[in-house]
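Quick heads-up: structures coming right below.
The following pair of complexes shares a single chain, chain A, combined with chain B in the former and chain C in the latter.
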Partner chain A sequence: MDILIISKNDLPKFIDELIKKNTVFAPIENDDTILFGQIKKANEAKLDYLNSQYPPKALILNQTETLFKFRPGPKGDIEPIKIDEKKVIFGIRPCDAKSLAILDCAFSGDFKDPYFLTKRDNTVLIGLSCNKPGVNCFCTSFDDSPASSKYVDILLTDIGNSYYVEVTSDKGKNITKGASKFFKPAKESDAKAKTDIEKKAIEMIKRTQKTENIAEKLDKIFENKFWKEVSDSCVGCGTCTYLCPTCHCFDIQDESTLTKGARIRVWDTCMNPEYTLHASGYNPRPARKNRVRNRIYHKYNYYPKNFDVIACVGCGRCIDLCPVNIDIIDVVTSAGEVKP
Partner chain B sequence: MMENPYEPWLATVEDIREEVGGQRPIKTFKLKFKDKKITDNFSYIPGQCAMVSLLGMGECFFAISSSPTKKGFIEVSVMKLGKVTTALHELEPGDTVGVRGPYGNNFDVSGWKGKNLIFIGGGIGQAPLRSLIQYVVDKRKDYGKIDIIYGARTSKDISYKEEFAELEKRKDVNVHLSIDVKEDGWDKFVGFVPDNLLKVKPSPKNSIAITCGPPIMIKFVIQNLEKLGFSEDQIFTTLEMRMKCGIGKCGRCNIGNLYVCKDGPVFSYKELKNIYGER
Partner chain C sequence: MVNEKELQDAVEKTVKRDDVKYVVGYEKGTYGFQAKPSFAYKPEDAKKFIFSPICVHNLSVFPMLEEKPPLRKGEEPDSRKLGVVVKGCDSRAIVQILQEKGLERDKVVIIGIPCEGVIDPKKIEAKFPGQVDNADVKDDGDNFIVTIDGKAHKVKKDELTPDKCKTCEYPTPVLYDILIGKEIKSKKKEDYKDVKTFEKKSMKEKWDYWEKQFEKCIRCYACRNACPLCYCKECMVDQLDPQWVRRSVDLSENTAWNLLRAFHLAGRCIGCGQCERVCPMGLPLMELNKKLEKDILELYEYVAGIDAEEKPLLAMFKPDDPEEFIL
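Up next, the complex of A and B:
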């Protein structure tokens, strides 16, 4: 790992340099909402932000994505598309970067998803540590840190007059080497500054989800009335799933005119009853209870069973924006306390 | 570039056979890949499935209802029920569909060698069983006694009528057909499939029972198999769910942590008892 620093004066110059050679996405503020978007100038990026409203997962698992084009109908033909998008995501938070590593599990395996995995390979993640985590942040519940460099290619941490730069991968090295004039080796005092800032940030996280042995605990309470109780207030809007950086469920639809068409994949939500509705009219998950339970189990039981990792990164978005205040920290912690 | 599992291969509809007419018709489509290389490389085992699509209408996941012992084509049997299946029913020979697969696990055709096989099917549920029946009949010497119990609502609703007639002629296969309600000219069993199973009364000794049909039928078939002394690892079924990707990514077909498309669709009753989750 290369440990460097970049001065605050040089950072915008470095970003502009990046923009010259790459398609760069960064957090942008628009009508009080922060979203990741393509930037053409360094000053468009908003770096003193808590987190984007949508996770930057949307840049890899696009909300809508063309799988291929076709000529429709019973005499139709297929026209494949190229998957060759390359980009740099600047300013991604460590939790959201981790979510991409979690999604890698679902999109690799026996059947490799070329859309997700190619874009993932072609994307450089330049992370930005959270110096001031939000009220509903709980990444530390998963032994992670708001200043973790584990899942990014480069991590920047604001240490006052400069950013502490941890370059963790070859992809990251290519970037810093290509712009070496902006970087200086870090001193021991810089490393100490980062450690202090990380420690302070961790202390600012006040909420904890109890996730110890949660998969095993959930195994025993699938039929418990607890799931009815926690889902009673759910309105089934699906906001939690669309905002979740680890939710990956999608629908595939054909969209076509008489002569042209495309098979499209779009984000879907397990909160919709139609999500599991059979053509026969039978629905294995007919009630909110079934659907809320499935969402929690997918993250805290099924994913750990299949991939040995909890599919939650503690970003807190679903808590911040649930219209009826369903709080995944409370739900999971209380589930762990339910007597089987 | 890596292989793209979402991109179907094009196939020509070689033949369409109407199995059942009426309100909920069933047709069997014989499909031949346009690229001979795909035909040669598309190797599957009974129980496996394929995604079949009509470009512009969408895709559905079907059990491959033909056997790999029949070379050069695959067949799927489709009940007209939703948007895609309705469009498929409008196709004519010579039309083009998309096919990708094979997907899912399969019946244990090697592990069951030497065993007696009891097939218990109802309605369109016969489609996956048909693949295995064709397979074991084509490799008849490898398997023990074969009993096929199949029922439909009326005699008109019986799928694969000609094939059942052919099977009934064989001395090495026992076919036990039934219909739910009495009809003139029907001299076979009248009643539900689980009751016909009790009447046929297959012995559990060295046997495997494979059942597929409506969920309510499967439920009572399993109860009756247990009454006849079958243990939970002698009973197999194949399940269906709403699916979009067929490769364990889109999320909706899970029962607990297992995806029916990828980890199923074939499950032993023993496995099903030990996984919880909506089904």
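Up next, the complex of A and C:
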């Protein structure tokens, strides 16, 4: 790992340099919402932000992904889609970067998803540590840190006059080497500054989710009335799943006119009554109880069993924006205490 | 201010009735300024119930979300009543649903609370950011008393309420079985100031504004699901055969959805503002609803959700109804 620093004056110049060679996405302020979008100039990026409303996973697993285009009919043909664009996601939070590593498990299993994996390979993640985590942040419940460099190619941490730069991968090294004039080797005092800031940020995280042996515990309470109680207040919208950086269920449809069409893949949500509805009309998850339970089990039971990792990164978006305060910290912690 | 003990007693008494399945009200949420819907199935559950300006949800959505699982042979359907705690605006949703015969009057027990304004969660988060522990908000005439860590802050109501409260003409529920506390008369008047300002803009300005908003929509349908008047058995956007609105999330389909939603609520929206409150992307959906509300008031002198005996706007006809807009 290369440890460097970049001064605050040089950072915009470095971003502008990146923009010359790559398509760069960064957090942008749009009215009161923060969203990741393409930037053409360094000053369009907003770097003092808590987190984006909408997860940056949408840059890799797009909400609407055109798989290919076609012309229907006897003379029809198929037109493949180009997905080899090189991207840099600048300013991604460590939790959101981890979510992409979690998604890798699902998309590189028995079937290797070419769309997700190609985009993932072509994307460089330049992370930004969270110096001030939000009310509902709980990444520390998964032994992670708001300043973790584990899942990004380069991590920047604001240490006052400059950013502490950790370069963790070859993709990252290529970037810093290509712009070496902006970087200086870090001193021991810089490393200490980062550790101090990280410690402070961790202390600011007030909420904890208890996840010890959660997969086994959930196995025993599948039919418990607890799930009816949790789901009583659910209105069945897709906010929690669409804002979740690890949710990845999708639906595939052909959308066409008489002369042209496209096969698209769009995000689906297990809160939707149409989700897993069989062609026969049978629905294995007929009630909100089944659907709310599925969201929790997918993250805390099925995923750990299949891939040995909990599919939640503790970003807190679903808690911040649930219309009825269904709070995943509370639900999972309470589920662990339910007597089978 | 509402006497919570009086509320809890009324809820307890209602739940004790054999013909009542549950009462839905509010309890403290899991952090900060959050309240959450609370279901009392047993008399002792009533002790959790609260009422304060953080009770922002319109709970009349819950009778409409009631699931009716298929019955086994010989099994009788559960025909018990559902109890709902409502504020003035919330009660208008029930009245509107009754008008439309979406609910039967004797299937709901309405516990009404006169309300002098609630907080806008986004505004209070901006003013007092980062509250983890439960913080308290109390009503105090023209002010809210916000208590954080034992320290009280007096804040002008106008600073923290959503726009709907600033022009609320119906603080006391228009229909109820039990009223907690005393009736409040409103001196406020809806003048559609913002709608009138927006109407003056050019067509291009209006489109540019709404395109920018609709582009943000992620089609989570929180606006629909939190709305008590969006209770179609199958929503048009969920239909697959024929598919009226595509699943693609782009400006064209998002526009179709948002206009469809607004128009389907024309003459039905009672202005509780849930759609706007729950939108995760911050779309100003009430601006659309208010425009339709104003047009309908001017054209037909009709206000939704006031009189349960009245016919719904779209189910009645008067010979002198205006028709200039018919092509």
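We take it that the second predicted complex is superposed on the first by the 336 of 340 C-alpha atoms of A that agree within 3 Å, B and C clash if a C-alpha of one lies under 4 Å from a C-alpha of the other, contacts with A are read in each partner's own complex, and residues count from 1 in each chain.
As a convention for this text, a residue touches a chain if its C-beta (ideal position, glycine included) is under 8 Å from a C-beta of that chain, and two chains touch if they have at least 3 such contacts.
What you see is a predicted model; the values in this text were computed from it and never measured.
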| item | value |
| --- | --- |
| Simultaneous placement of chain C and chain B on chain A, clash or fit | fit |
| Contacts of A:Lys305 with chain B and chain C, given as first, second, both or neither | first |
| Contacts of A:Gly37 with chain B and chain C, given as first, second, both or neither | neither |
| First (chain B), second (chain C), both or neither touched by A:Thr276 | first |
| Touching partner for A:Gly109 - first (chain B), second (chain C), both, neither | first |
| First (chain B), second (chain C), both or neither touched by A:Lys75 | first |
| Which superposed partner A:Leu67 touches (first chain B, second chain C, both, neither) | first |
| Partner chain in contact with A:Asp251 - chain B first, chain C second, else both or neither | both |
| Touching partner for A:Asn290 - first (chain B), second (chain C), both, neither | first |
| Touching partner for A:Leu243 - first (chain B), second (chain C), both, neither | second |
| C-alpha centroid angle, chain C to chain B via chain A, nearest 10° | 90 |
| Distance in angstrom between the closest Cα atoms of chain C and chain B, superposition on A | 6 |
| Those residues of chain A which chain B touches in one complex and chain C touches in the other | 251, 253 |
| Touch list for chain A against partner chain B, complex | 67-68, 70-78, 80, 83, 106-107, 109-115, 117-118, 219, 222-223, 248-254, 256, 261, 263, 265, 268, 270, 275-280, 282, 284-285, 290, 294, 297-298, 301-303, 305-306 |
| Sites on chain B touched by chain A in the complex | 1-8, 10, 53-59, 81-82, 85, 91-92, 95-98, 215, 240-242, 244-245, 247-252, 254-257, 262, 276-279 |
| Chain C partner contacts - residues on chain A that touch it in the complex | 30-33, 35, 53-54, 63-64, 134-136, 206-207, 229, 232-233, 235-239, 241-243, 251, 253, 255, 264, 266-267, 269, 272-274, 286-288, 319, 321, 323-327, 329-330 |
| Residues of chain C that touch chain A when the two form their complex | 29-32, 34-39, 57, 61-62, 65, 67, 69, 122, 130-132, 212, 216, 218-222, 224-226, 238, 240, 246-250, 274, 277-278, 280-282 |
